[in-house]
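Below are structures written as structure tokens.
The two complexes that follow have chain A in common; it is paired with chain B in the first and with chain C in the second.
Right, the complex of A and B next:
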């Protein structure tokens, strides 16, 4: 596994970060909140180390992407690996997927309340 | 372990540990209309930037018409963040209105609460495509008219509604994207609209 830093937009290098894969875990939304479940360990892939550092507090997938300067798809792959290994957990947004299942008006009322208090 | 925290930027403001619900609102508009300005005025963090890469493999031929031999397309966008309470955090995305962006809409913005179309009256045609695409994706939206100081026309909202062929059900609001309270009003107008829609849906069930 490569541990070189990568440039954005050079696909060859992006494939190296992800071990050659391009299929991302699409269940991870841009605003899925990621939380580390462990400390980074020596010898870990450098991107994994950075994610575990970053997600000591809940951090949205899109923020991980911005901080690591890696495209969304690449971050989805990296996070999918970390979730499979149990090193991070994901708090999925209620609004994604099962829109019909959520008490929509209650959710929107909470959003309105939050915005008015800004 | 000595270097464990060295790569985390120290100025980053973390979310509350109880944060569990991420929500999305998208601000769409043409280049230079003030999307980033609006995001910045209401965001609790300095807007961040990221991108998504679309590879040609597996995409329909028509989607990349006119960009022959190009193997990847990159779409960059800004975003900001508003912590609504301990549990809920709203992410606000400034999305470019150009054509290639819409191929990535589902991948990036499915499940979004709704959208704000930010309009510059000097370049109203830029908004037509965005409005058409949002209707196509069945994404509820409001139209915010960013009033620039040097706008000589001062079209009324009714005139703009006609020019954009907007139905009466789409809320419109005047805005100054630089002003926090104005940006906040735009978001409240959108969520109020979503709430009203949700109420009438629940009423018919």
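Right, the complex of A and C next:
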């Protein structure tokens, strides 16, 4: 009998993490900062606990996703739950609307060239 | 006859005396009367009277003489008849006595002698022969017939004895075959011996009438055993391929879920769920067919994941509510079995309760082990149904023959329960339905240490670290390669737990170092434990230690989606800036700054 491959992942499926939901709250941007508002309590879903621990300091949604090793959509759903429960709060990036204030592309390219020439 | 003859004899005896005397008495009396008449007659008529009287008297004498002669003759005849009668009577009496003797003495004697084996002639010679020829002949015929029948009886008896002995022998052989040989043959055949081996190994009766059925029985049974074994093996083999396919499909689906965005995410989740259900069905069949579960976990799986893994496999997973605050974990070798067992029980509970009601699952930690209670609010099971369910989950009968119809799940539960020593009990639920209490014994439970990531490292916690390095380093030989080259997934846990609890700085993520350092060869090459990815092993090398942060596990695995790419980039930037001590107090970068100063 051939040796079976050993599973190294977790047996959780993503639909169990989201409770069967697949529609995420799209108001959360990738770089939205998340801050926990309370300590995790016993009996909470482990992902919620981890998010609350992680977001003691403001953390971007995309980072939460990276740390939890979960897809963005799943993290959005989880964060949506936590926001609804009032356990975390989301801070939308201040500069979202001020893209126009960024330097010109040509200027940036020049800087890049200058840096390469160093 | 002698009795009837007697009165006649008496009458004749009396008659012989009186008739001889009577005529002569009449003669005398008439003579006296005549003399009186003559004497009394007148004298002148005396001569006439005398003549008349004499004539009359002569007439009387003549009559009397004739009567006397006739009487005498008759008497003589009667006498001769009487003698004749006497002779006949004597003859009859003798005859009667002979018959009597024949019946009461001779015939029983003949019977006795003939029965004791004497020949008919011999038997008759020693006995009085009756004078009557008929009786003699009768006696002869009787003796001959008797002898004949005695001989026949003896023959029949000996035949009977022989048959009886033969019968007894047969019965004994049949008994032996039924009670010893056949059960032994069945046992051997079940163990997989061939029909020839079984026939050669056991002693079979020599008689073809017994041997034939025995042999054909063994051959038929061997054939059917072989057929069922072949069918099982083929099913298990085929199912193992399906299982492998399903596992790879699940992995691929997970991959797709990471790679694709929200627009197909819901569809992928549905596919994932369908595939998981398919996995449960396939695993169920595989376990029944003597195969294995589709997956083997190499590390303890926390209870939450166990429950979610179990619930995720059933169709009605949204109706199951989990109430779990246990931090316990199930040892890797048993995790898949426990998940499957719980999935079957939950599936059962969900299927037998109304589709609007929820199934509640509670986890309690007890000294006897982890207790998982699954309660539904469906119909109360009847006593008989509950007994049947108890019987099938007890694992006492693991024969495929005990399966009924499509109700395979509980049979699988029974097998898994027996394999891992899990006790499964049904009881009426306080919610109105049925409750199942599953006791996972302590040997299946591996106490999971607190995840390192729970406590993010703080600069203050890092301060005593230089002091901590020394004991950690000297702990290396003690810990040895034990946790790294474990005998099995189960061995990993206690070692890790011990390393953890022995260390007073268990809260400090740096205390992970003994294990970290031991995960490399003395030359600094990474050692990969079975089942761990190379990236993980690489990360645990001492060289990599400065890079480790509280959030380090986030770096494991291939970074495929935007989030993980960003995380990797972020970490790379952080370590780079740490090298130039550029930790500017950026919030996520704060902890990472310390390893930089540590170098």
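Everything that follows uses one rule, which is that the second predicted complex is superposed on the first by the 81 of 118 C-alpha atoms of A that agree within 3 Å, B and C clash if a C-alpha of one lies under 4 Å from a C-alpha of the other, contacts with A are read in each partner's own complex, and residues count from 1 in each chain.
Simple rule for what comes next: a residue touches a chain if its C-beta (ideal position, glycine included) is under 8 Å from a C-beta of that chain, and two chains touch if they have at least 3 such contacts.
Values in this document were obtained by computation on a predicted structure and should not be read as measured data.
Chemist: Counting only touches as set out at the top, which of chain B and chain C does A:43 meet: first, second, both, neither?
Modeler: Only chain C; A:43 stays clear of chain B.
Chemist: Quick one: is A:32 in contact with chain B, with chain C, with both, or with neither? Answer first, second, both or neither.
Modeler: Only chain B is touched by A:32; chain C is not.
Chemist: Touching A:63, do we find chain B (first), chain C (second), both, or neither?
Modeler: both
Chemist: Of the two partner chains, chain B (first) and chain C (second), which one does A:91 touch, if any: first, second, both, or neither?
Modeler: Only chain B is touched by A:91; chain C is not.
Chemist: Which partner chains sit in contact with A:111 here, chain B, chain C, both or neither? Use first/second/both/neither.
Modeler: In the superposed model, A:111 contacts chain B only, not chain C.
Chemist: Applying the touch criterion given at the start, work out whether A:54 contacts chain B, chain C, both or neither, answering first, second, both or neither.
Modeler: In the superposed model, A:54 contacts both chain B and chain C.
Chemist: Just checking: does A:18 make contact with chain B only, chain C only, both, or neither of them? Give me first, second, both or neither.
Modeler: Only chain C is touched by A:18; chain B is not.
Chemist: Both chain B and chain C contact which residues of chain A?
Modeler: 8-9, 11, 14, 22, 26, 30, 49-50, 53-54, 56-59, 62-63, 65-67, 69, 71-73
Chemist: Help me check something: in the complex, which residues belonging to chain B touch chain A?
Modeler: Spelled out, the residues of chain B in touch with chain A are 1, 4-5, 7-9, 12, 14-17, 19-24, 42, 48-53, 55, 71-72, 74, 79, 81-85, 88-91, 93, 107-113, 180, 184, 187-188, 191-192, 194-195, 198-199, 201-202.
Chemist: In their shared complex, at which residues does chain A touch chain B?
Modeler: Checking each residue of chain A against chain B gives 8-9, 11, 14, 22, 26, 29-33, 39-40, 49-50, 53-54, 56-60, 62-63, 65-67, 69, 71-74, 91, 93-97, 99, 104-105, 108-116, 118.
Chemist: Within the complex, which stretch of chain C touches chain A?
Modeler: Touching chain A: residues 247, 250-251, 254, 257-258, 261-262, 265-266, 269-270, 272-273, 276, 292, 295-299, 301-302, 304-306, 308-309, 311-312, 317-318, 323-325, 335-336, 339, 451, 453-456, 530-533, 551, 553-554, 556-557, 559, 561-568, 570, 587-588, 590 of chain C.
Chemist: What does chain A use to touch chain C in their complex?
Modeler: Within the complex, chain A touches chain C at residues 4-20, 22-24, 26, 30, 42-43, 45-46, 49-50, 53-54, 56-59, 62-69, 71-73, 75.
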